Every structure is written in structure tokens, then in C-alpha cells.
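What follows is a set of structures to go through.
Paired with chain B in one complex and with chain C in the other, chain A is shared by the two complexes that follow.
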Partner chain A sequence: MARALLNVPAKAKRGEVIAIKTLISHEMETGFRHSTTGVPVPRNIITSFVVNYNKEEIFRAVLFPAIAANPFITFYTVATESGTIAFEWTGDNGFSATESATITVE
Partner chain B sequence: MHGHDGRRSRRDILKAASALAAGCGAGVLVRPARATPASMQTAIRNVVSSATVKPGKVALDIPPLVENGSTVAVSVAVESPMTPTDYVKAIHIFTEKNPQPNVISIHLGPRAGRATVATRMRLVDTQKIVAIAELSDGSFWSDTVEVVITLGACLEEII
Partner chain C sequence: MKLAMTMPEFVRSGVLFTVLCIMMTHSAVAEIPLAERRSGYDLLSRETRAMQDDDTANPGMLWVLDGETLWRAKDGTAEKACAECHGDARESMRGVAARYPAFDPARGRPVTLEQRINICRSERQKAPPFAYESKDLLSLTAYVARQSRGMPIESAADERLKSFVDAGRALFTRRQGQLNLTCAQCHDDNWNQKLAGNSLTQAHPTGYPLYRLEWQTVGSLQRRVRNCLIGMRAEPYAYGSPEYVALETYLMWRARGLPVETPAVRP
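Up next, the complex of A and B:
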């Protein structure tokens, strides 16, 4: 299981725009490189990143090989209600990782 | 070759460094064709179809001079009130000379509150980067930045 780091505020005021930062460990092998013997190194990247806030999708990204290793993605959302924000990364070779954070909205 | 005390001299290290750089350059010659400005236009057309893309509303923030192309911090901010009737639907980033023109496609909704995203990308060479935003009214806006790369994301495997 890849290691993921999340930065989600634990508390927020209702209606506040909060910043969410995510980082996941992944080599993001482009598929454009060759080994020293000239053999192409197969592509192995994260292709999709989806964020659900209380089961409603708030953010979705399609990633390509041009995203640097250990994809770091920052975005914003409105703190609407207390609950769970769930993050899901999927990629080549059946890669899948999930992580979640709880938020209290006052 | 080596310094009189057995340690590597400054000259040796410089020689090794330039050999490494040359190896990286050699790899450039044999790898598959890169994305060209034309293939970037095709990739953009696939996203916007027949709509016209107007410059403005989008601010693509990327350092103009990058030393290491393997990780380049990039952020895109779009001017939008982000209300249920007027919001940013999607943000795309394209490159001109990377092996593939697409970098990332992001889908947002009015719940984002602020149409600003940031990530880190790879850049193989000095080139133009284009960010395109799709608004809820179906219009497309773009921003283009020219980035100078000192050392590109090396595509050669060095083991």
C-alpha cells in the first residue's frame, strides 16, 4: 500500500473555502524511458484521482505520465457539513489506494 | 587520473558529470517522437472540440526558469465566482514538447469554492505550457507560459 499524506483542516466554519493538499508515494514510471540495455521500461502511473465528500464527488483528476513522481495535488472545497472526505487513487497494474479524513464543520 | 591523495579531484568529478550529461543527451536521439506543437493542438482540439479558446481568465503560475525538469511546481487559478450557475467545469494542462501533450485533466464543480489547483509536473525541455479552463457556460479560456528548462526530466534509465 502506497503511503499517502493528507492535509485537511480538522475544523472549519460552515461555508468556508478550505485547502486540501494530498501527496502519495508512487514512482510514476513514464513508459518513455529505456533501461541501459535498451529495453523500454513499461508505463506504471496513477491514472485517476477522485475525492468524495460525504459520498458526493467534489474533485476528479486524470493523470498522465507528465505528472512528477509522488503526485502532489492541491485543491479547494467548501466545508458544507461534518463528515468524511474520501480520497482514491487508481492506476496501472491494478494500483489502488484509499485514504480518508474527517472534518468537523461548525 | 585521481588526485595524489587518492581522492577524486575536482577535474575527475567534472568529467564524470559531463559524461553523464552526454549519456542523457544520447538517449534523446533514440527515444520515440515527442509531442510537437501540432500534436498539442490536436490534444487541445480533442478537449474543446469546435469551441474557440480565448486568452484570459486563467492564470498559469509556473517558474519561468526551471533548473530541474523532473519536478516543476505548477498552479492554475481561474477567475470565477464558483456559484451553482457560473463555475469552472474543468482545467487541463498541455505541453508542447513532452513525449505526450497531456499533463493533467481536472474536473471541478461549484462545490470547489475556488477554482485553483496545484500539482508538480515533468518538463523535458524549454517549451510552452498551456492551461485551458472550461466554464459552465461552455466557453473555454486559456493562458500560455514559456518555460526555460536547464536540465530536463531525463528520459534515460540510469542504473
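Up next, the complex of A and C:
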């Protein structure tokens, strides 16, 4: 069960630059560590983060083992029209999480 | 090249040595006066403070949300959820964390919030207790403690806790470990100094369980104290031991009046 927290403004003016903040719970195990008995701990990270604004891709990030646990990703975009912003995280071991937020542009 | 790579280590040990020298030569200063006490929050960088203040950027809130789910989930052979007895946590748990560790008359000793949750689990829910530092126990504790955010700490106001506060103070001011240090040498006498680049802080447990960036997870006060004990090269106590509870009781008494920050973020 992955928890995600979103911070998307509910309302914005057309053409306004808005900040979008996302936080997801994930251990981001690097794959470089060993257990106390010397067995390598397999890599388990989020590898990709994609954001679609009304089905149009506006942001994409590729994640690597150096990224800390519970990745916090924030970016800016221009509020063009009312609609849905959909977030998707995918990763190792079939990890997948989706969230969405609605925005009203006036 | 090799010399350049070893420099930071060399500098760091130099800093540590200097700090230790200061501590050895300083005679013990008394407890910090009430008006001069500062939460570790005041010593944070601007970025870390912003992270703690924004509930959508504070990773501790992920645990709080998990705790809310656990609060409503039926568990144990009694098939009961916390919410069935206690109702809405936002009402019933308001101010509770500010009073813990609290004296338990049945046991004749103080119990921490984590211990209280586990007592409730085994006695009311008839469920196995959560392990110390398990995600479930930390989540539920963080959720309960979150309801006291902003309220002044008032635990240890109870007269019956006096002897436990004194026992905690004795541990706090006792020299221990291979470095032969006391907690008070850092946290009472040198709290405004740095140790290897980090603020020493006054050690007020205002925001536990808290998200520590170094841990990349939420941890309890006992885990944090364990961390300090290992740094002093002393033998850490077992989780839930009377020593930790006494220390926790003393630290909360020391922090009396400061607002609860749970879930706090610390470097």
C-alpha cells in the first residue's frame, strides 16, 4: 500500500504558473546494501514518475537508486484549462500507484 | 588525491576532538532556564522547517495517514477497532500525547504512549502487541500524537511521577560509555554548539515520533536516545526498558510548556 500526498491548487487563473508538489511513501531500497548475514538486499525503487494534464504529458522523471526514501517531487506548470491532473509512479516488483487532482481554471 | 580524500575525515575528527576538549574543561552548567528553552525546530535549516510546516511536504504525514487507517481497523480476537471505544481521535485523543509518559496506577509506573497503545491492544482488542519501531506502532502513535499538535507539553505534572523524573535526571547526568560523557554535557552545557556539523540541540522531545532525514523514516524517541548512547559508546538499553521510560519522563518534564510538533522533521 503506497500512500501519496498531493499539493495542487484547487483554483488558478488562466496562464498562471502553479507549483505542484507530490510525496509518495516508498522505501527506495538501493540494491547496494547487504543484510546482517551478508545477503544482498535486492533493489526496490520507483523508476518512473509521469504526470498528465488532461491526458497530455507535462512532466516525466526517471528515478535512480541515489534518490532518498519517500521521494518528494515538485515542479511548475502553466494552468491552461480546467480538468484533471493525473500522477503515476511505477517501479520495481510491479510497483504502481496512481493519484489524481482536479483543478479549476478561471 | 589521497590526501584530499582524507581531509574531510581529518577535519571532522578535529572538530569532534575540539568539542570533547571543551566539554572536558567546562564545569557542569545547571539546567537550562525555562525561558531560554528552544525546540530543535528553531535550530533547523529554513528548508527543513518548510518541510515540517507543510502537511503535503512532511513525510511524517504518510505515517499519520496509515495510523488513521489502523485507528479504524478492527483487530484481535475482540474484533474491535480503536475508534469503537475512543470515537473520533480528533476529539478523544486531543492533548493525550502532551501528557505522556503518564502514570499507570495498575502498574505503579509510568507508561509511554507506545506502551499504552500496546496495553490497549492486548487488554481490550485481545491482539498481539506491535513490535517496537514497527511501522504499525509508529503510525498509530504518530496519528494519536498528531492530535496534540500545538498543545503545551504537560506530562510529568503528576506528583506520582516525581521519583521517575528524578531517576531520568540521574541517567541524564550520569557519565557513561567509553567516551565517559553525560547527556547533560551536550544538551545542557553546549546545546548552541555544533557536533560534526550538526546542531547539538537542547534535546526537547517535542515532535516524536518524528521523521528523521538521516533515517529516511519515522522513529521513536527511544530510537533517537539509542542513537546518542551508541555515539557515546555506551550500551543501549532494550526498547521499552524502565531506563528509557524514566529518561523519556524526565525529558518530557524538561520540555514542559513547549508545544507538541508531531510529526516533526529533523535532520
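One rule holds for everything that comes next: the second predicted complex is superposed on the first by the 106 of 106 C-alpha atoms of A that agree within 3 Å, B and C clash if a C-alpha of one lies under 4 Å from a C-alpha of the other, contacts with A are read in each partner's own complex, and residues count from 1 in each chain.
Please note the rule applied: contacts are C-beta pairs under 8 Å (C-beta built on N, C-alpha and C of every residue); 3 or more make two chains touch, one makes a residue touch a chain.
These figures come from a predicted structure and were not determined experimentally.
Judged by the touch definition given at the top, the superposed model places A:Thr36 against chain B, while chain C stays out of reach.
The partner of chain A that touches more of its residues, comparing chain B with chain C, is B. When the shared chain is aligned, chain B and chain C each come close enough to touch A:Ala68. In the overlay built on the shared chain, the residue A:Asn93 is in contact with neither chain B nor chain C. In the superposition on chain A, contact of A:Ser25 is made with chain C only, not with chain B. By the document's definition of touching, of the two partners only chain C reaches A:Arg3; chain B does not.
In the superposition on chain A, the residues of chain A contacting both chain B and chain C are 68-69, 72, 74.
By the touch criterion stated above, chain A contacts chain C in their complex at residues 1, 3, 5-7, 21, 23, 25, 28, 68-70, 72, 74.
Partner chain A is touched in their complex by these residues of chain B: 27, 30-32, 70-72, 75, 95, 98-100, 102-109, 111-123, 153, 155-159.
Within the complex, the chain C residues that touch chain A are 51, 54-57, 59, 61-62, 65-66, 213, 216-217. Touching chain B in their complex are the following residues of chain A: 17-18, 30, 32-36, 38, 41, 53, 56-69, 71-78, 80.
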